[in-house]
Amino acid sequence: MTLYPREECGVFGVFNHPEAANLTYLGLYALQHRGQESAGIAVTDGEKVSSYKQLGLVSEIFDEKILNRLTGKSAVGHVRYSTAGSNNLANAQPITVDYKHGTLAAVHNGNLVNAQSLRFELEQRGAIFQSTADTEVIIHLMAHSSATDEMSVIKSALQEIKGAYSLLMLTPDALYAAKDPRGFRPLCIGRLPGDAYAMSSESCAFDIINCEYQFSVDPGEVVRFDKNGIHRERFAPVKETTLCVFEYIYYARPDSIIFEHDVYSIRKELGKQLARECPVEADLVVPVPDSSLPAAIGYAHESGIPLEMGLIRNHYVGRTFIEPKQQIRDFGAKVKYNPVAGSIKGKRAVVVDDSIVRGTTGKKIIHMLQNAGAREIHMRISCPPWKYPCYFGINTPEAEELIANQKSIEEIARHLEVDTLGYLSLKGLMDIVPNYDEGYCKACFDMKYPVSPGKDTIKRFLKKA
Amino acid sequence: MTLYPREECGVFGVFNHPEAANLTYLGLYALQHRGQESAGIAVTDGEKVSSYKQLGLVSEIFDEKILNRLTGKSAVGHVRYSTAGSNNLANAQPITVDYKHGTLAAVHNGNLVNAQSLRFELEQRGAIFQSTADTEVIIHLMAHSSATDEMSVIKSALQEIKGAYSLLMLTPDALYAAKDPRGFRPLCIGRLPGDAYAMSSESCAFDIINCEYQFSVDPGEVVRFDKNGIHRERFAPVKETTLCVFEYIYYARPDSIIFEHDVYSIRKELGKQLARECPVEADLVVPVPDSSLPAAIGYAHESGIPLEMGLIRNHYVGRTFIEPKQQIRDFGAKVKYNPVAGSIKGKRAVVVDDSIVRGTTGKKIIHMLQNAGAREIHMRISCPPWKYPCYFGINTPEAEELIANQKSIEEIARHLEVDTLGYLSLKGLMDIVPNYDEGYCKACFDMKYPVSPGKDTIKRFLKKA
Amino acid sequence: MTLYPREECGVFGVFNHPEAANLTYLGLYALQHRGQESAGIAVTDGEKVSSYKQLGLVSEIFDEKILNRLTGKSAVGHVRYSTAGSNNLANAQPITVDYKHGTLAAVHNGNLVNAQSLRFELEQRGAIFQSTADTEVIIHLMAHSSATDEMSVIKSALQEIKGAYSLLMLTPDALYAAKDPRGFRPLCIGRLPGDAYAMSSESCAFDIINCEYQFSVDPGEVVRFDKNGIHRERFAPVKETTLCVFEYIYYARPDSIIFEHDVYSIRKELGKQLARECPVEADLVVPVPDSSLPAAIGYAHESGIPLEMGLIRNHYVGRTFIEPKQQIRDFGAKVKYNPVAGSIKGKRAVVVDDSIVRGTTGKKIIHMLQNAGAREIHMRISCPPWKYPCYFGINTPEAEELIANQKSIEEIARHLEVDTLGYLSLKGLMDIVPNYDEGYCKACFDMKYPVSPGKDTIKRFLKKA
Amino acid sequence: MTLYPREECGVFGVFNHPEAANLTYLGLYALQHRGQESAGIAVTDGEKVSSYKQLGLVSEIFDEKILNRLTGKSAVGHVRYSTAGSNNLANAQPITVDYKHGTLAAVHNGNLVNAQSLRFELEQRGAIFQSTADTEVIIHLMAHSSATDEMSVIKSALQEIKGAYSLLMLTPDALYAAKDPRGFRPLCIGRLPGDAYAMSSESCAFDIINCEYQFSVDPGEVVRFDKNGIHRERFAPVKETTLCVFEYIYYARPDSIIFEHDVYSIRKELGKQLARECPVEADLVVPVPDSSLPAAIGYAHESGIPLEMGLIRNHYVGRTFIEPKQQIRDFGAKVKYNPVAGSIKGKRAVVVDDSIVRGTTGKKIIHMLQNAGAREIHMRISCPPWKYPCYFGINTPEAEELIANQKSIEEIARHLEVDTLGYLSLKGLMDIVPNYDEGYCKACFDMKYPVSPGKDTIKRFLKKA
């Protein structure tokens, strides 16, 4: 009960649609890349709230029988991934509770930086915690709020929490969507036929259910959906927003619109910029599939070096693979990737990836390409060196495990055994991402955490090790 | 979130044994008859508490892999059954929480009569409820207690609750066992080799792990197990105790010692008393297997009428059976029971059962025996007419569904289509059960609820319909 | 592919009923005691044959979805148990084949003694074997028969096989039931509403589906069910029949009628005879539940010593139990049985069981009763010493593992640590079982195998070790 | 038993390696794209053959426990896909049998054209068929062969069968790999450390286990692996070979070497040739992921039109998806694909796919791209119109369901609602694929079946409908 997992999540909701649970299930399926560990849906028929959550993938957890039991016109759902070891059903969401204002189901994407001290205070006031999810902290704040109407209760709770959160709350007669005042994580609203609405971490989940994108929830805003329609309200003054730049670089699906901009195009532009910053004479550009394909296309377009699929990814990957005792070189990477010798042999390859975390898999991939006959390997990364952990909703290892925190670019290149290694510059990155009035959180590159994580937070994450 | 299930449960715990989780699993398996819907174990290694709970039978839920993950020297476990429809993982136990005094896992057998009003009060004070289990109410009371040491915290919580409870609470360095001041439900303590102890709803669970029975927890007592050994303390003044007489009649296993007395012998004596009160000229005594076998043996011994296994029970019963569309007479009873025509045909049978609830299965069984050629059927029940619901830990239907609440004995006899029907008298029952200074709860027969269930409780149970 | 398991099985079939698969499933469920390892059903809609089989219990394998796919008006089903280690899906039945006379599904209870040499001959003629089931041998014989009509094909195959078999064969337009010329194993026919029939190893399976018992298939008879009704034909001359006496002693369910006689009554008479042959002064008769209860009742009635349930059996037994490392005395027996100390303590007990195989569990049970305080233990077995393995359809260990093959009664008594040990005499047994013109196979007691198992058979079974 | 499924399969084997089963499991995992319905492995320890097969994906079927039971140094494995409805465990492979020459396990990729008449003949000679797999026919032929040594037995069987087959046969002391005289399907041999070998449908499966590619089995050749090493023998005279051209176009993995040539490079060249044959003025080239990516890259390189990922594929696809009742446009394609509006909007897109079968999914994809704002859509297919079913191991629908069999290119274009539609010419295709002395089977395009399928075969496949 005292491990505080770092989480990655996706949220989805539907208001006032006769097939709320089924649409939520499809939405979560489209958001599966944001969390593969557990999933859950809570639905209300206007009186009570029913829910179902389990460990596993969306398509494994829900079947027709379970969806049929989740009757009602409004629903919220969640997919979650957390650091290994804490794959605990107790932390799966939605969290559904009875409290003084009635019944509530909540889902949340993000991480609070003052969760630890809020937990402490709440415990002093009599709160009991059945999970380590930040969502439970938020609900407790609502339960201890002295406000009387639901909207005020929610606003008062949100005013006490700090950090990143995009959250949905479902009650028997309303659904609330809220985003933290700095807007770290995406959350957007769409329109369904009839007076129905959907809410999603990413717009790609609207596409699967024919839902029309309407707008992105504003930082510091609560949107209420009820029988009177849609009502938007601020709970915090306008601040400098700090969107997570990593959603653009890697996390979001390329077919999503995030913070009103098209992810695929930005990723391709990052690849172009990378080509300008780190050119190299080579025969082909090889993406590490699937996520770095847009950046690799950009690099290829800009450099004029032809794109080739030098690595194939096997998508039938199961949970675990049993390695033979007579160990196989680069086994971990091999069950997922295989080089295409025919396109690689004797060639000088620019391998484009969207990030290097620990450098473990990258090193194996490079080794495999070298064995397949690549003459030279030039590694290009479509973001700056990733030096600092995220405390706002991306699941990262601690600083000492991040290779760029521990080694210089030259040292990393030697470690990976590549001929050259180039990262996109931070300036190059910021030139490409859409020029908002507001800014970005890019603390993973420059350690400028927009909200101080505080010693407590850093410690609580360290505890998990 | 607003269905309040009526529960039956069993609890088991181990203190200071290197294989705490494994012993708890075996103990729960021996208590499986007290709850077949969900099971769970929480274990502590002295620092953190780990737990696992699922819907299903003990032998299905736990395997070597899961038990191996539950490392630590002290554990508590739970099996649970509740009214159909609420088979909800959220209500499975142990409930494990973090609160101001640390980490805690609790399991509970019983039902509180003031849970509803305590919930209301606690919600006003900021509590959030994630289940409808009474255990959660108790933990909230502890969390809101102003006491400072753990023992006082527990005692102050117990002083606020009313009703039936036998509970175990596990913290990283201690284990507490407590029983309500009237001692409705059994809870006993055993000794394991080394300075280790076990706690169990019934002593039969000690036998499977070679644990020596020590004593039954006193009503109104908290027993603390810690590194200093065992420490017993009262939290409530001595009151008239009201042991659940139904544990002797039906609920406990015959090989258990309940409230210091041997269940099998009492059940056999009930059968003898029944023979004295309701004699009949007949050819054979037929038990409804397996639970009424001891009473039937008693009846046979006393009456001199030979015992015959006129009904066979199929023990390979699964969850559900698919009835053919061309319906089969008495299908529900037939998948479980089959008459032995050879022993029944042309005979006058005394069918002994330990209770009649709705009369549905009983009627089918009698119909099957008649079709098998029984010449006369004399039904004998080894307890008085069951007229009133239990609010203290036995899962019963509401009053209007209890056939004896709605019909006279003559009407029931007509309904069942038996030649004669005889119930044990309440006086006869009380003459047999051990003559304590304290008394019994026999409200299911005489409506004298030792603790007033209150309108709220009755309503909350009715809500479930 | 060369392990020849010794099998125990049950067969069930339905002809011309709109819910053939569902009735077969219920029939197999009632026969579950005859085999708990695998189960299967094949059904025909008059054109093709569909089937489903799996490892597991009937209630686990079949659900509504699977039964709905098994459409057709005639069906055959099978439950199977075999020696540990060979729990192989390949040996599960029905075996469904295409061959020169069309499509066929077959199920079989028994063991052939010339299977090995027939396999060899058939292999020489080009047969391939995908299982070690004798059923496959029979089908191959049919496929190599030069007869032209189906009935003659079946008869010619049956004339080549020796040993024990009760079998059912399903084709798109007929169903055949056949029993070996000596009639080792039971097989009976029942009538369902409409022109429908059922076939079953035991009559208890008719009761669950309201099917009326008609007759037992004669030894050496094939019964054909088709659109013209029922047609009985001999395929072998009348021989001395040798019914398996062990069906009466232990194997069949007590509520079945086997070889036209009521099992329960015979078992009780065996207990009475045992009391006459091996009297003892004692305080109570304790059955080893559940199977020896009828014999114990008989012993109690005859001796006048009261019956007491001194042992309780836990029916929630799962597949395996994880024993703690700090081993528990008599663990294997303890997960299944528990003594009722209250009825045993200080008493002289006659423990009645229906057989002793290896003596392992028996010894543990006695040990448990002694620990529970029994003053004397007198073991009484309701059959003669079991000295020789069965080659005709009961799964037994080899001779050297049968304790009565290796030790005298006195030695067994010492091994079990009982005060006295008494077995029913062979003469006593034969006086009780119904006095047919025909006789019994009692080779497990007297080594007089009605059909010589032959060196090959003995060897093939020994191979499994 | 009378549905003859059209199959797609992959085979893998290992000879003389201590971890034969584990390597085979990894090999099958790499061949998963060749069959996702069932998988199985048979292994020999030099005496007996053990096997395990189930419905499902390789990573779901096998776990450490099952692999540990499959002990031995040589193994064969199989993955299989067949027409919907026949997903029957009976057809899963390996098929393991005992027959006159001992024990044998066989796996097979391909389809025989004379299976039906061979079955008929074999049935007349006494054979029984437990599956509809062609493999069983081959084994029966071996069992009926009058040859005496194993190699001659195999050769005589192969001389009787016609059609496509790449097969592996395992006996306790040898492993055989054989390919039909025309060499329809790939089968190659690799070398493992020690005197160990592997055999695989495709070389990509060698990469995952660090196995070195040695040679492709010759058409009409049997390769025997035994304690004396490797021994190659012809069983049929050299004929014109007819390699399946579709392996290059679509079926094989791009990282495989098939018929000694690199698949990825050929696929890219097909895209280039397509660009030369069917040029169009457009803004971007959009692959239908993942399989058509190499051809799209080729098209882009040749045409100079930039490649863009206009479609994203969701790889978390489960078995089935529950469509809401209020149906969603293009639902079937939407759970798998989503357009990237940002890259498509207002653009003229060349959509490159590697084949059109029924045109159903293609139409939905185009519709989705149009809704995402594509201004023009030019569909380009990297093979000729697919007009005729395959009878040699690719699972295709019947002729009347193939859109190119029923409609002209213009009609297809209208049906798909594309602006233009272009197919690669047959001549263009043949110019690109490696210029062997031998030729190709391209009957799916030109109806010139190298081996006449015969009326029987066509009928047997039609039966399935």
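We call the chains A, B, C and D, going by the order they appear; numbering starts again at 1 in every chain.
We adopt the following convention: contacts are C-beta pairs under 8 Å (C-beta built on N, C-alpha and C of every residue); 3 or more make two chains touch, one makes a residue touch a chain.
As the structure is a prediction and not an experimental result, all values here were calculated from the model.
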Number of hops, chain A to chain C, where each hop joins two touching chains: 2
Minimal step count in the chain contact network, chain B to chain D: 2
Chain whose mean Cα position lies farthest from chain C: A
Intercentroid distance (Cα basis), chain D paired with chain C, Å: 47
Distance from the mean Cα position of chain C to that of chain B, given in whole angstrom: 37
Interface hub residues of chain D, defined as touching at least two other chains: none
Listing of all chain pairs that touch each other, if any do: A-B, A-D, B-C, C-D
Contacting residues of chain B [partner chain A, same complex]: 1-3, 48-49, 89-90, 95-100, 103, 119, 123-130, 139-140, 143-144
Touching residues (chain side chain C, partner chain B) in the complex: 18-19, 22-23, 25-26, 29-30, 32-33, 36, 57-60, 62-64, 67, 193, 204, 207-210, 253-255, 257, 262-265, 268, 290, 293-294, 297, 300-301, 306-309, 312, 314-319, 321-322, 324-326, 328-329, 334-335, 338-343
